[in-house]
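Two complexes, one shared chain (chain A), two partners (chain B, chain C).
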Partner chain A sequence: MSPASRFASVGNGEAVDYSRVPVVPIEDFRSAILRMAAAGRRLCALLSTGVAGGPPAGLLAVLADDAGGRLYLAASEPVTSYKALTPELPQAHLFEREIFESSGITPEGHPWPKPVRLVPADKVTFFQETGEEIHEVAVGPIHAGIIEPGHFRFQCHGETVHHLEIQLGYQHRGVERLLRGGPDSRSLSIAETICGDTAIAHGWAYCAINEALGGASLSLRAEALRAVALELERLANHIGDLGAISNDIGYLPAMSYFGRMRGDYLNLLMLASGNRFGKGLLRPGGLAFDLSEEMCASMAGTVRLGLKHLEQVAGMFFGEPSVISRLEETGVISRKVCDDLGLVGVCARAAGADRDVRQDHPFGFYRFRHIPSTILDTGDVFSRAMVRFLEAQRSMEFLSALLGHLPAGSASGPCGAPAANHIAVALIEGWRGEVCHVAKTGAGRKFEWYKVVDPSFHNWMGLAMTMRGGEISDFPLCNKSFNLSYCGHDL
Partner chain B sequence: METITLVLSYPIILLLAPPVMLGLITKTKALVAGRKGPPVLQPLYDTIKLLGKGAVYSSTTTWMFKLGPVVSLAAVFCASALAPLAGAPLISFNGDAILFAYLFALGRFVTVMAALDTGSSFEGMGASREVAFSSLAEPALILTFASLAYRSGGLCLAQMFAPHSGPSAAAGTILVLGTLFVVLLAENSRIPVDDPNTHLELTMIHEVMVLDHGGPDLAFILHGAGIKLVLMSALLVRLVLPEMPPAAALGSLLFGLGCVAVAIGLVESSMARVRMVRVPQLLVAAICAATFGLMLTLR
Partner chain C sequence: MIDIINNRLEQGYRTSSFPDGDPGLPERFRGRPLLKPELCSAGCAACAESCPTKAITPASAGGKKGALTLDTGKCLFCTECLAACPSGAVSFTKDHRLAASRRGDLLLSSNEARLAESLGEELRRLFGRSLKLRQVSAGGCGACEADLNVLNTVIYDLGRFGIQFVASPRHADGLIITGPVTRHMSEALKIAYAAIPEPRIVIASGACAISGGPYAGSEDQLGGASAVVPVDLFIPGCPPHPVTVLDGLLRLLGRIS
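== the complex of A and B ==
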């Protein structure tokens, strides 16, 4: 019996009748997931289908087969406790903590079943090392820069970090609760504000869920313009991150130049949508409005000039010996840790994992035109910076080719109400990594539950692992090289 | 005439030169990065603003915390009386070079004590870094003083930094200049050793020790740091200036200070900060350069 036989198979951005998702006893569910993971499938989402205070509920898993381009769904029968997956499958650790927190189902044997986001950090216990020369450093939730709140607890021996524990939850707004009962007129805005710098990717994932459930098909022009918006978002953030890394290591000219260039791409999104983060551009069924020919031509010009500038500044940045010596071998994450924790996005590709939704589970316009994925294998801050530069370069090449030859047609189309009792999964490769939305409709054609997994949810533990045995003075640089989202994690 | 210049030189060098030097560094960095940057006198405006503010003291701190800024400013003022600036120093005696070096050390000691007094984990880390790195910067400074003292025949700053000609001195002077410049960067928390502009507490060395100070205390600390920068730069400039009348000496000293500020700005614009574990290597290299300088002088 193949491990996939206990699962319903769907493609990215497809809906399936919920009755086709197999519901199996928890022991079978558990062993099927472990067998799938052993065969190289990745856990995209693991959730409890119940709502707090409701009747006992089961678990639902979404696994991705990156090589085969398929997604697998399975559900368990209702449980109140089960044997935790985490000891055998570390990538489930945060999902199981989240299930424990939100639904009360106990993952027995979970090594660290503490709250994820609903309990304030001063009410939770932290792992503590003891010893005469061990000291503890607490950073945050209020930081020196203008960034989001999060708490970091270091156990140090001198300058060496033995352990870092990250406690978030300060940005919890109840996104999944607000989306439940939708779609309504607020749902899209809520999806776009899941994570402010990833408005396009989350907005697109929300639209893809609606289009899958509503059976809408998009015009080629709408698909192409969405890809343009997603790549502009990627450019603004990747280039902004390179500037932030330059700032952290005190290399000021590159910081200024990258910072200015980030503004160029935010301005292009502003030109397209009236918002520097592209909010309000997407609609289920297509785009809220079409872009004129002149606008596309001016975008193409900016991108072509921007590519030249990017290559010059990156040449200066990566050609400076003091920069290379600062970045190389700092904050290393091994391929094994990357796979064990199920990391996604830039930091996985920097550690040698060829994992890119645009290539593995192509969606939208990426089904017709591919962007080569960028893989480096050292897993240090240098490779995370380099992957950002190379991806920005690929995106610019993609944009300048696409903007000259946009398909004709209408940019918006109808999107019907969701089908009843269906489940849909949408994966979008946002600039940080894989954005995953899973939603199920009830008999009233409304969302019974809506689940969001931001790439940061997978990756925060990766940041904690890079600090093991590292220097505490390297933490800000490592943190910047991951640049994870607090609100995307906290929802 | 000579007295007037001398009397005029101190307020200029001690009150005006520190903020202007810091402002020039910032301006240079801004221009290299293609920005306009804040006005050159911005550090002076900041100091005046801070002097007009009140201060907040944590309940965990004691008198040591308040003593730190006052004593460290007093220490650099005393050191300025010993340093040969535009002309002869106010006070000069055999052995004043040692007192000069250890007045800086006194300032550092009280700053470290004030930092430890807060009981904050950040300030403790900063204090341990400051002490560790200055224990390597100090031998480099003392070794350069030793070679200058041997050359001039006495441990008196006025003689050690008097114009000294002759080709035989050139090689030694270059090594002394190089060492002093590295020590200057390290002692004044400049890139590549420290980053004076960073907001990241975990990477700071000097700045993290003064995070809890505010208002007039912070103004004292910032101005004291500025004077320290001016004094060390003035010693560098004095090494290359020829003998000249006092008015010209003051003018050329101020010009020299400007050049040092631009040089620091260019260094900060052209390289990234080294990672903290590599800072000792840089300082040990400075010690080696100072040792070679001493050997050349002794030869």
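== the complex of A and C ==
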């Protein structure tokens, strides 16, 4: 029997009757996941299906076959403990910690089964190196800038970092618990604030879940408008990140220009929705706002001029030898580490992994029009910066072409209540990477549970790995080159 | 070098003319809500039912005709109430001036704006021309934080008003807080507050920091900054637009009125 036969196969943004998800003994569940992973499938989500205080629960896995464009779902029978996947499948490490923390199911043999987010970081233990002249540097939760809180613990020998442990959870505010029992009047607002700089991608994933479960189909215009919004969000953040990287290396002209240009795309989202982050723009069934022809023309004009300015400023930035020498070979992630940890998004594509949901599991308008993915292979800060620049260029070209020829139709349509006892998966390529939402409804057509996986959940360990053997002074730059979300991780 | 000069010429002068000029907000920008209770029909509570944060009390609350009220400290400035209201009794103006000195001033019933007042004479003498703020995110989604950061760009150039975000609370005159104040951040927030020399001020920026926003009622958070520290300025929004924040800061310092 092939490992795939132990799974239910679904497409991105599809729902299936939950009874079609195979429930197998934990040993079979475990070995099927390992065999799938050995064949190149990726773990998008691994969770416990139980709710606090509920009956004993099993595990549920969502694996992605990126080459085949399919997603695979399987569940295990209820367990209280099982042999951890992490020693053989490192990309499961944080999922298994999360399962241990939230459901009490013990992944036996997990190398580091400490809390993820439900326990304050000052109540947990940290890995500690000992030896002559080894010292420890503790940073956070409050950092030096206007930035979210998190705690970083470095084990150092002189300037050299041997190990970095990142402990988050300060931003935990109960996202998944609040989504449980929905959809209700605040579910969409919760989804849009899972990670405010990714309001479109998370909002879209939430809408896609509802549309899959409610059997809604969107007009081509609505699909196109959502793609416009998602690419504007990507542009604002990619260009903002280039500015933040410029700031961290002290190259202030580029910081000022990128910083100013970032605002143009937030302002375009505001033009469309009245909110600079596009909050309130999407809703199940379509969008709350359509774009007039004048708005499209104005947007296209801004994007065209923006492309010229981006190329000029990026030309200045990447043309400066001292910039390049600071970025190259700093904070390297090898392809092997990238794949072992299951990294996604910009940092994976900068390490040579051709991994982009828009291409691998195309959703919405990306089924009809493609954006070429951008792959570099040096895995350093330079490649993460360059991928951002190149992706911003591709997004601008996409927008320029699309805004002149938006399909006709209505921007919004009906979306019914979710079907009972179904499960749906939605993947959206946000600007950081793969945003994954998985939800199951009960008999009452409400969410029995709702799982959110922000790309940062996969990628924080990648940042920790860039520091091994590096200098502690490289940390801010490495951190900016990932620019991961605290609130998206902490939920 | 020539590249830098060429880019400098191409980029031009970008600093906004605000607060002297028009803030340049687009048509769909949603600022101060406008309430028209006379348009409400008896028994209708469609706006209140649609509101994600229960910011609205309908004119007919409790079965009898009362005042239509909207709490901008809870409001996310989404459009659910607009879509739900059959008569247009709730709408949003383009007025970006939303900040207030007292929590109660955010509860709109009439359409009289109760804008933020300036600090007392002594505090204004101390901070009026030089205000250093320490920002603390306590469960914020990153949007409020991002639009505070924007004040440092060339567009808003916060430094020209003598206002600066600083790293250490020891160097700060006050805190600007975002997020609903998660349980896990409350201790760090208290420590940061205690580290600021007196006299000090506290600003709550965004619906979460004022009321918990969409997270109000979640057991993992405390329902905003006031639960932990006394607040001197409330800036509504999800997130507040940079000009709304700037307007609030300048009013607090008595720089505009």
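Assume the second predicted complex is superposed on the first by the 491 of 491 C-alpha atoms of A that agree within 3 Å, B and C clash if a C-alpha of one lies under 4 Å from a C-alpha of the other, contacts with A are read in each partner's own complex, and residues count from 1 in each chain.
Methods note: a contact is a pair of C-beta atoms (placed from the backbone, for glycine too) under 8 Å apart; a residue touches a chain by one contact, two chains touch by 3 or more.
Nothing here was measured: the structure is a model prediction, and the numbers come from that model.
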Check your understanding: In the superposed arrangement, which partner chain does A:Gly145 touch: chain B (first), chain C (second), both, or neither?
Key -> both
**Study point:** Which of chain B and chain C A:Phe475 touches, first, second, both or neither
**Key:** first
Exercise for review: Could you say whether A:Phe365 touches chain B, chain C, both of them, or neither, answering first, second, both or neither?
Suggested key: neither
Practice item. Considering only the touch criterion stated at the top, classify A:Arg276 as touching first (chain B), second (chain C), both, or neither. Key: second
**Study point:** chain B versus chain C as contact partner of A:Ser256, first or second or both or neither
**Key:** both
Practice item. Considering only the touch criterion stated at the top, classify A:Gly319 as touching first (chain B), second (chain C), both, or neither. Key: second
Check your understanding: Is A:Gln171 touching the first partner chain B, the second partner chain C, both, or neither of them?
Key -> second
Study note, to complete from the structure: Of chain B and chain C, the partner touching more residues of chain A is C
Practice item. Residue by residue on chain A, keep only those touching chain B in one complex and chain C in the other, then list them. Key: 144-145, 253, 256-257, 260, 320
Practice item. Can you check the complex and tell me which residues of chain A touch chain C? Key: 120-122, 141-142, 144-149, 169-174, 177-178, 185-186, 188-190, 193-197, 199, 240, 253, 256-257, 259-260, 262-263, 266-267, 270-277, 279-280, 288-289, 309, 312-313, 315-316, 319-320, 485-487
Check your understanding: Which residues of chain C touch chain A in their complex?
Key -> 3-4, 6-8, 10-11, 14, 25-26, 28-30, 49-53, 76-80, 83, 92, 135-150, 152-155, 165, 167, 179-180, 182-185, 187-188, 192, 208, 213-215, 218-221, 238-239, 241
**Study point:** Contact footprint of chain B on chain A as seen in their complex
**Key:** 135-139, 144-145, 158-159, 246, 248-253, 255-257, 260, 320, 322-323, 325-326, 330, 471-477
Exercise for review: Using the touch rule from the top, collect the residues of chain B that touch chain A in their complex.
Suggested key: 29, 32-35, 121-122, 124-125, 128, 191-192, 195, 197-203, 268-278
